[in-house]
Structure formats: structure tokens, C-alpha cells
Amino acid sequence: MLPLSDIIHLAVTGLAQGCAYGLIALGFVLIYKATEVVNFAHGEFMMLGAFTVLMFSETMGLGFWPGFVLGCLTIGAVGYLIDAHIMRRIIGQSSASVFILTVAFGFIFRSLAGMIWGWNTLSLDTPFDGTVTIGSDFAIGTDRIAIVVATAILCAVLYIFFAKTRYGLAMQAAAQNQLAAYYMGIPVKRLVSITWAIGAMIAASAGALLAPVTQVDTTIGLLGIKALAGAIVGGFGSIPGALIGCLLIGIIEPFADYYLPAIKGVSAYVVMLLVLFVRPEGLIVQTFKKKA
Amino acid sequence: MQILFKTRYEDDIRFLAKIGEKVRVGLVVAFLLAAPLFLQNYYLAELGMLLVYAIAGIGLMALTGHTGQVSFGHAAFLGIGAYCHSVLLSHGVPFSVSVVLTMVLTGLIGMALGRSASKMHGFYLAIATLAFLILIETVLGEWSSVTGGYSGFVVPDLKIFGVSLTDVWQQYYVDLLFALLVIWGVSNLFRGPTGRSFLAVRDSELSARSLGVNVEWVKIQAFGVSAAITGLAGVLMAHHLTYLAPDVFNVLESLKLLLMIVVGGLGSVLGAIFGAIFISLLPVALSFLKDVLPPEIGQQAGLEPLLFGLIIVLFILFEPAGIYGRWMKLRFFFETFPYYRKASFVRQKSYLKTERMR
Amino acid sequence: MTQAQTLSVRNLSIEFGGVHAVEDVSFDVEPGEVFAIIGPNGAGKSTIFNLISRLYEPTTGSIRYGDQDLLKLPAHSIVKTGIARTFQNIELFEQATVLQNLLVGRHSRMAGNPFSNFLFTPSVKKSEIKHRRKVEDIIDLLEIAQYRDERIADLSYGARKNVELARALCAEPSMLLLDEPASGLNNEETDDVGFWLEDIKHDLGVTLVMVEHDMNLVGQVADRVMAINDGHLLAIGTPDEVRSNADVQQAYLGVSQ
């Protein structure tokens, strides 16, 4: 049995890690809510974000914050372009095809990143390199705190956005029935591309914020799959659900790794499978029975 | 122009009704049977591997193309098939028995997965199967007492009914025999009630239920059949690989299978075969490209996944029906010449409608 | 075909959240008759069908067909009792051909398992041919021969409605639930539907229960009518009786003078 201070430490670290997953998952769910596309390559947006921020802030010497902003905007543009030129053309195809398409994107992005920036692990200097000490012997890095804070802010912003603004409502309408949305005068195409841009930017910022923890290399995008698992656990399509799911996985992981070393690294998926077995739609159900 | 004038119901049900089809298929089968006579060992082995991939592709296609459920985890069934068979062989179980047992085992595991997955839809299912794959990979690695763990497992020699088949051409004929059996059997499945029930489940669960189709059971069946066939491919693959390691059956492998049926054409046996041909030619194309491109690009480690990805994107964008779609269009062109019209295949503009209301 | 039975519905109720979609509805449908259910949109008519087909679970009440308690059966076993249905929003198998759709209609009458299917044993082949013959009879009846090998996705609305009806008939039901068989059809097509329904009733002896808005069609073919509003039963009787019922007129037909 672990000493209490260790338990608390693991729990808090897990919570921060869960927030990290949640940050990535938020972008996922956003794109899904607007277009019902599951962007399997979302983790790669995060990875590309980390690389571009690195490139702007260090390689080009612009400093962290300018580099951060530029990097996120760049990835936002990439997201916009991907939707405008590729995703738009395949509307109406089976979701299987679309899903496979995004998987292919993931591969392309990873390879391109490796070709452009190399296959070695790099590190990104962020302003969050201190530690905060709570109580007598409990220290947590400011980088993790920054992640938690960023996640909280983002959640609040997105909630208000979808629940209270016309733009958010329009987005949900477009997701449910595009043709009808068009008839209502909603500029569906632009809306969707902007959503992709926002989602990509969220992922990019996650990449930069997580860089102190994960470093920067071509494989960090695979965190996106765990974020996806978290979003599913919570009920994919629901923003609070995604967050809850990710937090759950984040907290369970360090304990699972400690007590069950055999499933190290895959405990997120075990949790997901277990949850899906019991509640196939995730914790907060998002699908509805069709009225026949 | 070939018009088939049908006078009996059999004409509708038969496989190769038109003369053109009979000739084409006959030629291909003849070529395959005679291959060892004129192909060198290296190419023969590659052809054998192609047939094995075709079997795996047909297995996946039976599930994804017909019931519409995307499985990301089929490489797991390849792995289970390969390992189970090899372990059984190493304990002295004869080949014929081992094949049957392996298929039964993979089929049962597939059915169990199908049962958990029967309540899930679309993308949840894809992720769940992906998780399944990762789990199986871990199991194969950690259960070292049986599988040899991460240090690998040597596959015993191919021996059927006591006859040792170590020559390449002998192994090739084994692959060919199973491939033909699977192609014939799965095509049978899809011209009968079982295949139709798969289609029904894919297109409208609601009315399928009201017509007497037990939707959950069909999904379980589909998973079972698909898993068993993929397991068979794993059995044959083991004899090609001769040495098994858990990380061979990973996500990239699953992606290769999906690539096969997407590029080949979802939903048809011929599509899966086209896909297998494509997958087998890919490494050849890749090494060719490596020589042709300037070294800064050609020698990059990420070239293979990049190529995979690009090809998938291009196909989904421009030819969603895959090579099979192209092939059908080509055939249509020749069959209706000179009355061919380009507009025959113009895609309708379509809009997104939510799939969350079922 | 199984013998037509009496459908007995007693005190049927279902709630969705706080909405009482169907409340305390009771009625009988006699074998061989044409029974129409009318009412404004949202009254609960399709819900009643969904309850009979066991796609929904009722809160209270009982549904019996002959001496069979339908509530004990899962949705996919209903067709074996002799009850088939069509859907208001046309639930055909879009990517399949008309023929394949119709053959799925015969599914409940086809035995078989994956193994014999895989090998396409002679018995499977014989069974296929036998059922193909039955399907052709329906194709002739509903005059859809020209669409036989077309994909549903390529068909017009009217053609789809015909295929939907044909598919339900292929199950050789003793009772047919038709959800708005004439919706979206022009006058000529509606007349055709009326003739077919009469043919089905007289030649095949099938009980017909239909939800319908087209009062002319109802007047033409129905033996008895039930009017529903807001989930409640308003009136049951012959078309004339129900038409002259004051509640029905107020709720649905528009109060005269």
C-alpha cells in the first residue's frame, strides 16, 4: 500500500495528465460536434503544433509567446485548409471512409514532420519551468498547473460558445442536417472550416503546453489516441463528457501502472473497453433512438 | 455488347454467367495453377503471400464491407491465428487439426468481440477494436510461457498429413488451395440469406428487425466469420514468416488491411483481391521510388507511411469505390462501347446527415 | 401463410420522458378486415405500430395476436407470428437491389446457417430458387418487375413505396401494418395503392392495419376506423360513424359549419 503522500502525488499528477488529455480531446469533440467527423489525426495537430511553436520561438528566435501565437495560428490555417480542400469533397461518404482518411492524414503528418524536423527528440523552453510547493513536501511543476488552468479556461469558453452564442447553435445545426442548415442561411462551409481551424489551434496549444512533459518528437501525437479513448469513455460528442472521461483515465493510469505493471501503457484502453462493455455509449449518452 | 438472356433462376444465382466472366476467371485460375512452372522461387513466395493477404482482406471485407462495421483490430486475428497454430504445431498437433482448431478459436474470440461490439456503432466500434488489437499485442508479448513473449517464436515446418512441404512451390499450392476455397465460400455466403442479412444490418437495422433478422446475432456471426477467415490467413502467414514476434501484428498491419479493402473497393471479393495485389506491389513501388528520387527524400525513414497515407487520401477523394470501382467502370466502358456515356458515373451531390439518430 | 388472427390491444400506454405518447388505448382488429388508424400528426399512431412491432417497450398494457402474447417476444420474432409492416420514412436497404430487399423479406421463412451457406449446398440452392419464385409472384402483383435489379438508391419515391410494400408482403404475413402507405403519392398512385390493398385483402386474405391521412383512401378501403388524438382513443367504428363523431371532427377533420 502506498503512503498517503505518494497517493496524493499520483492522483494530482494523474489529474494534470487527465487535463492534458482533455485539452486534446476538446478539439476532437469540437470538430465532431460540427461535422460528425472523427479526426483520428487530431493528435498529429498537437504534434505539429509543438514543432511549429518550437520552430518559431527557438529556431527563429522569436521567444515563447510570439512563437506560441504564430505556431497556433499556423496550425489553425492548416486545419482550415484541410477542411476546405479535402474534407469538403468527401461529404456524404460513409463514415468508415472518412475515418480511414483521417488515419491516413495521421501517417502523412507524422512522416512529414520527421522529414522536416528530423526524427530526434527535441525540447521546448516554456515560461512554465518552475515548481510550486504545497504543504511540506508536495511539489508540482508550474507546467502542469498551466495545463490545468488552460483546460479550465478553454472548457468555460467552449461551453459558453455552444450553449449561448448564435455561432455555436449554427454549428450544431450544420452538424445535424447540412441541407436544412443551408436553407436557413447558415454559411455551412465557412463555419465548418473555421471549426476545424479552432479545433486545430486548440490541439496546437496543447502541444506547446505539454512539451515540457512530453518533449517534442514525432510520436507525441499518439497521446491523441488516449485522449480519444477518454472522450469515448465520457460519451463522445459531449464536451463535459470528454473532459470527465479524460480525467478519469488520467487519474487511473498512474495507479494502474503501479499495481498492474503488465498493462503499463495500455490501461487507458482497458478502462475504455470496460466502460464501453457496461455502457456502450459512454457515460453521457449522445446518440438518440430514431423515431421510426 | 454482352447481354445475358436469363431463362432460369439459376442464371441469376450463378457466379459466372456471362461468357466474358468465365473466360477472364478461367485465365486467371489457369495462370495461378501454372505459376510454379515459370516463376522463380522469390516471386512464387511473393505470390503466395499475396494470396494470404487476399484471404485476410476477404475476411475483413466480410465484416466491414458488408455489415458496415469498421474494425481496426483485425491484425489481432492474424496474430492469434499465427500464434495459436504455431503453438499447436509445436506440441505435435497435426496440421489439419491445428488449422480447424485455430479457426474455431479465432472465430469464437471474434464472436465475443462482436458481442461486446454489437451495441456500438461506427466509430466507437473502430476504437474499441483498436483497443482490442493493442490488448492482444500485449497479451502475446506478456504471456511468454506460451508464446515466447517478446523474444519471439519459431514456427515449425509445414507438414500436412505427414508429408513435409518445405519447397516453395508446395507451400504456394497450399496457399492457393485455401485462397480459392475462401473466395468461393465467401462469395457463396453473399449470394445466400446469410450475406443478405449482413446487408440488411448495414443499411437499416430497424427494418431488418421487423423482417425477422436478429441484428445482434448477425453482427456476432459477421465478426465470427470474419475473424475465422482472418485467422486462417494468420495460419498461412505463420509459415511464410517462419518466425513470430508480437509487434509484427500491430496497428500498421491493421492499417494495411484497411488500406487493402479501401483501395481495392469496399464490399466485394474482387475488391479485396485487387487490394491484396496493390498491397503486395507497394513495397516494390517503394524501393523503385527510393532509387529514383533524390537521396534527401528517398532515404527518409517515413517514406512508407507517407506513401500509404497519400494513396489512401487520393483514393478516398477521387475513387471511393476503389480499384474495383475503376475496374467496373472500365468493364462498363467496354461492354457498352460505343454507347458509353461519361455521365453514367457522375456522383450525386450529397449532404451530411447526422448518424446520431438511429 | 399462418391463419389471420385477432389482434387484441388492451390499455396500451407508453411514456417518453414526460410525454404520454400513447395512453390507455384499447382496440381489436378482426381477421381479414381493413382497419384504419387516423389522427393528427404526433397523435401516437406510428408509436402504436412501433409498440406492436416491439421496437418500443410499453409502460403498461398488453398486446395479443391470437393467443400469442406479443410482449414476450423480441422485435425480430414478431414477423414469425405473421405480422409484417412498412415504415413511414421508408426503411429500405439503400445499397442493395430491389430483388435483394425482397429476398430479405423472405428471411423469416428461410432456414439455414453460415456453414451450409458457405458451401452453398444443394439444399441452399433449392431454397434460394423456391423463395425466388415466391418473390416473383409479389413482383408481378405490385408491377415492379422493371426495377428488379436496380439499387434502391436509384429509385423514385413512388417506386420505393411500392418496394417497401412488396418487401413486407414477401414475408407472407397474415396481418400487415402499413404506416402511411399513400403519403407523398399523387392521386393516380394513391388509387393504385387502394386497388392493391383491396387485392391483398380479397386475394390473400391478409388483415390490413393502416395509419393514413388520406381520407378518401380510408373511406374507399377501410372496414373500420379508429381515431387517435394526443395518445388517446377518440372513436372506433365504421368510417361514417367516426367521420360524424364530434370529437373527431373537432380534433382532426375540422369542425363543419
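In order of appearance the chains are A, B and C, and numbering begins at 1 in each one.
Everything that follows uses one rule, which is that a residue touches a chain if its C-beta (ideal position, glycine included) is under 8 Å from a C-beta of that chain, and two chains touch if they have at least 3 such contacts.
As the structure is a prediction and not an experimental result, all values here were calculated from the model.
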Chain grouping by contact, computed as though subunit C were missing
one piece
Top of the farthest list for subunit A, CA-centroid basis, is C
Pair joined by more contacting C-beta pairs (B-C or A-B):
A-B
Give the identifier of the chain nearest to the protein's overall CA centre, each chain being represented by its own CA mean.
B
When the centre of a chain is set as the mean of its C-alpha atoms, what distance in Å lies between subunit A and subunit C?
47
Counting in whole Å, what is the centre-to-centre distance of subunit B and subunit C, each centre being its mean C-alpha position?
40
Rounded to the nearest whole Å, what is the centre-to-centre distance of subunit A and subunit B, using the mean of the C-alpha atoms as each centre?
32
By the touch rule stated above, which residues of subunit B touch at least two different other chains?
206
At which residue positions does subunit C touch at least two other chains?
55, 87, 91
Identify all positions of subunit A at which a residue touches two or more other chains, and write them in rising order.
292
Contact footprint of subunit B on subunit C as seen in their complex
53, 55, 74-80, 84-85, 87, 91-96, 99-100, 103-105, 107-108, 110, 112-114, 117-120, 124-125, 127-129, 132-133, 167, 171
Subunit B contact footprint on subunit A (complex, rising order):
35-36, 38, 86, 89-101, 103-108, 110-112, 114-115, 119, 175-179, 182, 218, 225, 228-229, 232, 236-237, 262-263, 266, 269-270, 272-273, 276-277, 280-282, 286-290, 292
Complex contacts: residues of subunit B adjacent to subunit A:
64, 68, 70, 116, 119-124, 126-128, 130-132, 134-135, 138, 142, 206, 255, 258-259, 262, 266, 297, 300-303, 305-306, 308-310, 312-313, 316-317, 320, 349-358
Listed in rising order, the residues of subunit B that touch subunit C in the complex are 9-10, 12-13, 185-186, 188-189, 191-197, 199-200, 202-204, 206-215, 221, 224-225
